[in-house]
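Presented sequentially are two complexes of chain A, the first with chain B as partner and the second with chain C.
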Partner chain A sequence: MSKLELRNVGVRYGNIVGTQELSLRLESAQTVALVGSNGAGKSSTLKAIMGLAKYPVGDILLAGKSIKQMPAFEIVRAGIGYSPEGRRVFGGMSVLENLKVGAYSRKGGEFEADLQRVFGYFPRLKERASQRAGSLSGGEQQMLAIGRALMARPSVFLLDEPSLGLAPVIVERIGDVLQEIQRAEQLSIILAEQNAAWALSIADQAVIVELGRVTMTGPAAEIAEDPRVQRAYLGI
Partner chain B sequence: MNSTAETVPVISKVRLGRSTSSALIGGGIAIVAALAIMPYLLDERFFYHIAILVCFAAIGASSLHLIIRTGHVSLCHAAFIGVGAYVSANVVMKLGFPFVGGLVAGTLAAAGLGLMIGPVILRLTGKYFVLITFLFGEILRMVFVDWQSITGGANGLSGIPAPAPVFAEPKYFYALALLAATACVAVCGRILSSETGRFVNAIRESEQLTECVGVPVIRTKVMIFVIACGFAGFAGALIAHYARYISPPNFGPLESLNLVIMNVIGGMQTLVGPLLGAIFLVLVPEFLRGYVQLQHIMFGVILILVMAFLPAGVVGVKDWVARRMIPHDRRGEQ
Partner chain C sequence: MLSMLTNPTILGQIVVNGMSLSSIYILVALGFTLLFGIMRVVNFAHGEFAMLGGFAMYYLYAVFSLPWVAAILLAPLAVAIPALFLEWLVFRWFYQKMFQSMIGLLGLSIVMIYSALLTWDAFERNIPAAFDGILRFAGVILPIDRLVTIGVSALALGAFYFLMVHTRIGLAMRAAAQDVEIAGTQGIDTRKIYRVAFFVAILLAALAGALYGQVYAVSPFMGERPLFVAFIVVILGGMGSIPGAALGGLILGFTESFLGTFYGGSVASYASFGAVILLLIFRPWGLLGKPE
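Up next, the complex of A and B:
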């Protein structure tokens, strides 16, 4: 049984199509890169999983159980962490407060231990714990968004465009930490990215999305070698 | 709401941090003590009356502040005060319950009404929420005017008894009003400094992000709304049994707007704001009594000045001064 399974998910915003009959599987402790151009349906897919976008058609199963009817906060409690695109942190709150809010949905466990674990991955957040999150750099805000999601001890983690607006060297660092976290926590990750080269370099599996449909799927290393993908997304 | 928080970085510096909260509690006790003594020093009926009005305004404004902190500006708060007032007056006068029964019934009625409409209207945000609360306030006002057997219609209800014979004297009622206001402000402060308060701040910044962090946004907003409406009803019951006469204009849109203005002038980012605003909005009309024609013009000018230069309200004066004191080249380090 897959950790997370999307079956023919069709997201609609009024008359506008978000995704069409989109299916994909995420196995346990696996990173899947969701690659596609602007408007291909990557964000819609993640929003559908989080219950933020309605999909009259299709179903989404977490560990075999449908989460279609659940509101977003219950989906978080069921074990799916989400770092949205764009507005990533609560800018008016301190770094520590952001992490405390993130810990809310967690059942049991020690807050202090989780906090140290997150600070272990991102020492920079510890240094800036009392600083206002809005005053952090873009890279630090992305780290905080990841850390905040980890505070809830998710088993599945969805990242929407984590590289957006960040310097290449920061993107590389975040990629390294993501891989480290993925191994240490046995997380299943879906990484929705326009930066295909980076996403494919850290993912196990890859899914290419075009016009709301899956057009190609396979191991990330193989997809990266595909001539069509190289032409369309890797600029080779 | 969100955009102002973004563009005015000063606002977010004003927060109820743990280090400042104990200072605030100490300061609060000092202020309450001073307020408790002050009218007695002056010992004049008029001052007791004004002080009682400040207490009522403080309960209304600080409970509305809870709703405003979630990022929603309600324009029907005075209507909930009216619900508490009419329910309490009827429970005492028609059903023969003592004042405490009316107070509890008025509080529960307003909270219950909040619970009924909250889950529906709190799905709206921004200007749509303002509009629908304005309309809901108008509906309630029409109920107050038209349901004559209960509300006395446009003539209002008169002959409402004082909580107890001794409280017919403003001197003693003031103690009751101050106690009520202190309790209400303390509960609001406790809520805002708790974990729920953190969620409230998160919701104001971004509802969607808060939901995605695992916080039940609607449920939290409804809870805050119900508490705030309950306090409004509580204030209403007190008002009814102090004024002894209530009529629909007491709970109309102008009164609701006044409660919002108290928050705007005082400052919408901390609980101190609505308290300053309440004092300001009750006292200023008293000082301007000789110039009734000018009163609204002065009000308008003051409001414009505050909004233009002190987006964080009177509370923000400290930051405004600090910004001007710091040399230009060092501002980046702030």
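Up next, the complex of A and C:
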């Protein structure tokens, strides 16, 4: 049984099509890169999983159980973490408060341990703990968005365009930490990215999305060698 | 006029009146801005909850002769608890729908006013003062009922501040106010947060109405003034901004007290609304709000 499975998911915003009959599987402790151009349906896919986008068609299963009708907070409690496109940290609140919000679904006393765990991955956040999140740099905000989601101890982690607007050096650093986190926590990750070269370099599997449909799927290393992918997404 | 300004009795009077008005205004405006900040609902019926608070106080204190402290504690609850039914029946359909909420809740406001009119008739009822008498302090005359109004409001504001800043539910409310969709994706049950925010907002409005009704009078139409005030205060401070509501309330309360003392109530109203129009032209996001 797959960790997460999408079956023919069709997202609609009124008359606008987000995805059409999109299917994919995420295995346990695996990173899948969801690669496609702007508007291909990557964000819609992640939003559908989080319960933010409606999909009258299809179904989404977490460890075999449908999460279709669940509100977002129950999906979080079921074990899915989300770092949204554009980071969307709570700008008026401190870094520490952002992390507290991330831990909101976890009742009980392990907050301190989780906090040290996240500070271990991102020491920068510890230095800036009392600072307003809105005053952080783009890279620091992305770290915070990732750390905030990790506070809920998810088993599946959805990342929407974490490289957006960041300098290449920062993107590389975030990629390294992501791989470290993935190994340490045995996370299953879906990484939706326009930066295909980077996403393929850190993922195990890859899914290419075009116009709301999956057009190609396979091991990331093989996909990166495919001539069509190289032409369309890698600029080779 | 200069001699009046230097007269400590008059000055003290202006300050005490200004503060008691400000504190009532802040209570009304805080709830109004909370509903807007979290649910994007423009509550045109906010004043009517203040009116119900006034009637609750009238019954509990003047009719049933409860001790004043019990009455002022129970009156807001007597409004806010049944109001949860209205939340379920009306408000929840308008969450995150700003324009629809204006029309829908304007309708609710009218329904509430005329239901009150059918129930209680139009005449004004007075709630006997609980604390008449004055305090003389360094040549300044301080009416005790005004001081009590300030004290009760300050306690309520302190409790509200504590709730928002130092509790789990307050953290969740602030997160929801900033980005409700993301708050949900971080594990916050936004439906529950909406209900809590609604309850707190109505509690504050009803408390303001109870205090206001005792200083002035209680009638089905008494909610109009608190609603206008909430609007001005919230636009002054910035829609959805909680510190903005506090600042706006202080500015409006003192302006009214000061101009009202020297030039009368109409000049005070001109000044308040004039200031709002100017602000909307030059700084439409308010003093402490954020540009959209």
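The rule is simple: the second predicted complex is superposed on the first by the 232 of 236 C-alpha atoms of A that agree within 3 Å, B and C clash if a C-alpha of one lies under 4 Å from a C-alpha of the other, contacts with A are read in each partner's own complex, and residues count from 1 in each chain.
As a working rule, a residue touches a chain if its C-beta (ideal position, glycine included) is under 8 Å from a C-beta of that chain, and two chains touch if they have at least 3 such contacts.
Predicted model only: the values in this text are computed from it and were never measured.
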Fit or clash between chain C and chain B when superposed on chain A: clash
Partner chain(s) touched by A:212 [first = chain B, second = chain C, both, neither]: neither
First, second, both or neither for A:162, with chain B first and chain C second: neither
Contacts of A:58 with chain B and chain C, given as first, second, both or neither: neither
Touching partner for A:132 - first (chain B), second (chain C), both, neither: first
Which superposed partner A:102 touches (first chain B, second chain C, both, neither): both
Chain B versus chain C as contact partner of A:50, first or second or both or neither: both
Chain B versus chain C as contact partner of A:91, first or second or both or neither: both
Footprint overlap on chain A, comparing chain B with chain C: 50, 52, 71-73, 76-77, 82, 84, 88, 90-93, 97, 100-102, 104-105, 148-149, 152
Chain A residues touching chain C - in the complex, by the definition given at the top: 50-52, 71-73, 75-77, 82, 84, 88, 90-93, 97, 100-102, 104-106, 148-149, 152
Residue numbers on chain C that touch chain A, as the complex places them: 168, 171-172, 174-175, 178-179, 181-191
Touching residues (chain side chain A, partner chain B) in the complex: 50, 52, 71-73, 76-77, 82, 84, 87-88, 90-93, 97, 100-102, 104-105, 132, 134, 148-149, 152
Interfacial residue positions of chain B with respect to chain A in the complex: 5-6, 9, 11-13, 15, 195, 198-199, 201-202, 205-206, 208-217
